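Once you scroll down, you'll see the structures, which are given as structure tokens.
In the two complexes that follow, subunit A is the common piece, with subunit B as its partner first and subunit C second.
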Partner chain A sequence: MGLEIERKGADGACTLVVRGEVDLYSSPDLRSAITKAMPKFGGSVSVDLRGIPYMDSSGVATLVEGYRTAMERSTAFILLTPSQSVLKVLQLSRLDTVFTIRNEA
Partner chain B sequence: MVMEDDIRLEMATKPRLLGVVRAMVRSYLQSKGFSAETVDLAVLAVDEACANSIRHSYGSRTDCRMELRVRVTDAHVEFELIDDGMPLDWERCARRELAPPELSALRPGGLGVQLMYRVFDEVTFEPGGEHGNRTLMRLQRPPAGQTAHRAHDA
Partner chain C sequence: MLRGYLVSQGERGQERRVPIGPSITLGRAVDCGFIIDDAAASRRHLRIATEGERFVWKDLGSTNGTQLNGQPMLEGVLKNGDRLQVGETVMRFEIEDITDEEPKESTTIFKETIVDWQQEGLGEQIGEKEERAERLLRAVYAVMNEIASNYEPCPLVDRILETTMKAIDAQRGSVVFAGEDKSTIEPCPVCHKFHVIQQGRLTHVEEREFHISNTVAHRVLKRGESLLFQDTDRDSELNVSASIMSLRLRSIICVPLRGKFGIFGLLYIDSDRAGHQYTHEDMLLTTAVGNSAGLALENATMHGQILEKQRIDQEIQHAWKIQEGFLVRQWPEGDGRFQVYGETRPAKTVGGDFYDFVQPDANHVGILIGDVSGKGVPAALTMAQLLAEFRQGIHRTSSPSAVLQILNESLVQRSPKGTFCTLCYLVLNVSDGHVVCANAGHHPVIGIGKNGVRVFGDASGPPAGILPTCRWKDTETQIGAADTLLLFTDGIVEARAMNTQRAGEDEIEDFGMERLCEALKGHYRSTPRELIERLNQKVMGFCAPVMPHDDCTLIAVKYLG
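So, the complex of A and B:
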């Protein structure tokens, strides 16, 4: 099952809306999308995670990579409305308090 | 007493097949009366074991084979993953505590094995004979008539 990743918003302040399962097979697609969306400096990248029914550690590692790159570039990196499944794996990884998480209706 | 395997699933080391493994494990555990939360966690942990073999035992080669065996004992459901790849890095596979890291210390990777430890009651990594590795994961069965619900501290 592949990922659907829709990019919304302008360069420098975009949101990636991700749908599908994130695992060892599909996480390279998410990594590539985050890399392409990342501004050279400043701005923000938000990743909408409400449409993800399953995420494994490769997905978490991909988000960690994104976070680290964003920190280096003074870019805000925000996880939007993570699904229960995503939230659970972040909690198990002890990373739920590390990321900036915003819940939207 | 030697328990017979309920399932032996031999598969190619192709990451796109992990979804098939997850579906099988989910269906099997549901049939054994585990709670929805425990099923979700165990599916994640078995997926991590398979991904660990693909990445670290086979170096992400997709033309190899590995086998997942599933059986029940009086007390547990056991998942045994057998691969024929390179020996795993035992130090990397050791259990460690996951503490909230400093942001500057965040590194991707190395997390999957720790998730396995946090989900299963018992996880062991052993050499698989002349080649490869054997990963054994045990999950305590729910008492008869009850639904097992794991109380995780996360």
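So, the complex of A and C:
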């Protein structure tokens, strides 16, 4: 199943709305979208995760990579409204303590 | 009358000046009138239209936006000297009054001639025509010979180019490949460079050093017909092509390379020499070559892909052997105080699961389990590095959380950004059943005893390798004689099966913690090995008929008291 990634908002403060399963095969798409959205310095990147029914460890690795790149560039990296299953994966591995997670209605 | 121009600086400082005409689209796609060779450019990035004396521009909903004189903007009217910027590419806009210009400057750059080589061969030229036909046959024959004896795509591309270009005395030529939707051209898929012959010299150049007429390339890719262009031709569509004008091309032959599944590339030949015109005959020869060369190239590429796949398979086998070599295979027997056993069942590719068993001192045994993010050789190498550090680290401290800290520091410093590792390390005092464990983002420990199955030692922090200064906590507990402690990885609880019980609705289900604990209930008498074998069978049965998609790794230690 392919991944749909929609980019919203201005450069330097955009939101990636991701829909579909993030696994070993689709996570490279997410990775490249995050890389492209990442400002050279400052700003923010938000990843909207409400449309993800399943995410495996390669998806988590992609988010971690985004997080670490963002740290280096003083960019805010925000996970928006993760679905229950994604939140479970993050909570289980205690990554919920690492990421900034925001819930939007 | 006013005319707008876009001016940009090329790689080597040369200026590229493109007239705007009624309108022009700028972007990365080859059919754009002005191609922006910049990763930040969208395929169709912006458009400029001439409206009487005004030049109106509009961003076509590009991904990365457009800047006008340094300000991000969406549309507007251009003034002389305005700077449009897309990514790193800056284009200057210029307005010129062309009212007084002689019309030939703008409209009759290319003069008319009709290409009909059959008419050319009359009278005394008959002998020459025969000679040409022979030359054509020889050339095709030479290319066929090369094709028959060459299975390597790169040298094959070179030979196709060399023999074709020699046969028609071409000035410059290249074999280019079609991008996914046939709207872009790509370099050689094997060496990722463009194979070019210019003035008789064969070179392999980067994309930025290579420019051909994109209008022509695009047209041949789309229509699938060979094309001959001469600057004396009246083909109006090509005459106004910005790429032909900016490259000052006089003559072009472009023929499709056809494989079993359609057109996948082009044999492209051009010339910017005044008076150098390719003929219809040259095009026929090139087309004949293109037809056979396409199939040969496709075969060679497929042959190459098969070899490459074999090589990767072998590499994975090697990686797996390296990984296996690091994992404990000989389990201690005969110590009346404990039993221990662990194993990993790799999925199709080499994964990042690992386990280890250590005896830091006479009264303690330790079991470690970990899962490195990602798969393949990089994960195997990270695992090898972690195990080496772990075996040293346990002698530096007796606290499991301090060991995790050592591994975290090493991982943060040395591995790529997306690499992290969940880890759970527990130490059992085999003289009194005291247990200390630390967990970095891993699944908890399962204790199996007479009184049932319990879960403890939840992760006290994220996986190792993410935060440089992360700390974890030691959790302590006491177990009784005959209790077993089990560590496991994702592959067990995330083993997936299609649940078709609901009518008409397929649902994917995980093996899950509940099934795992259920499978262990009442098995406190089993040895670690028996428990692990039982679990593996349960997981395989659950996933059947497919195999588990991820590595399944388990390690258990039993305290005999």
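The working rule: the second predicted complex is superposed on the first by the 105 of 105 C-alpha atoms of A that agree within 3 Å, B and C clash if a C-alpha of one lies under 4 Å from a C-alpha of the other, contacts with A are read in each partner's own complex, and residues count from 1 in each chain.
In this section, a residue touches a chain if its C-beta (ideal position, glycine included) is under 8 Å from a C-beta of that chain, and two chains touch if they have at least 3 such contacts.
What you see is a predicted model; the values in this text were computed from it and never measured.
Aligning the shared subunit A places subunit B and subunit C in steric conflict. In the superposition on chain A, contact of A:Ala61 is made with both subunit B and subunit C. Using the contact criterion defined above for the overlaid structures, shared-chain residue A:Lys36 touches subunit C, although it does not reach subunit B. Once the two complexes are overlaid on the shared chain, A:Arg7 sits against subunit C while remaining clear of subunit B. Once chain A of one complex is fitted onto chain A of the other, the partner contacts of A:Thr69 are limited to subunit C, with no touch recorded for subunit B. Once the two complexes are overlaid on the shared chain, A:Arg102 sits clear of subunit B and of subunit C alike. Superposed model on chain A: among 79-87, 205-213, 277-285 or 529-537, the stretch of subunit C in collision with subunit B is 529-537, the rest showing no clash. For the contact definition in use here, the residues of subunit A common to its subunit B contact set and its subunit C contact set are 24, 54, 56-58, 60-62, 64-65, 67-68, 92-95, 97-98. Residues 1, 21, 23-25, 54, 56-58, 60-62, 64-65, 67-68, 71, 85, 88-89, 91-95, 97-98 of subunit A are the ones that touch subunit B when the two sit in their complex. If you check the complex, the residues on subunit C that touch subunit A are 63-65, 72, 371, 373-375, 416-420, 422, 440-443, 459-463, 466-467, 490, 494, 508, 550. Listed in rising order, the residues of subunit B touching subunit A in the complex are 15-16, 18-19, 22, 40-41, 43-44, 47-48, 51, 54-55, 98-101, 103-104, 106-109, 111-112, 114-115, 118-119, 152, 154. Within the complex formed with subunit C, the residues of subunit A that make contact are 7, 10-11, 24, 31, 36, 54, 56-58, 60-62, 64-65, 67-69, 92-95, 97-98.
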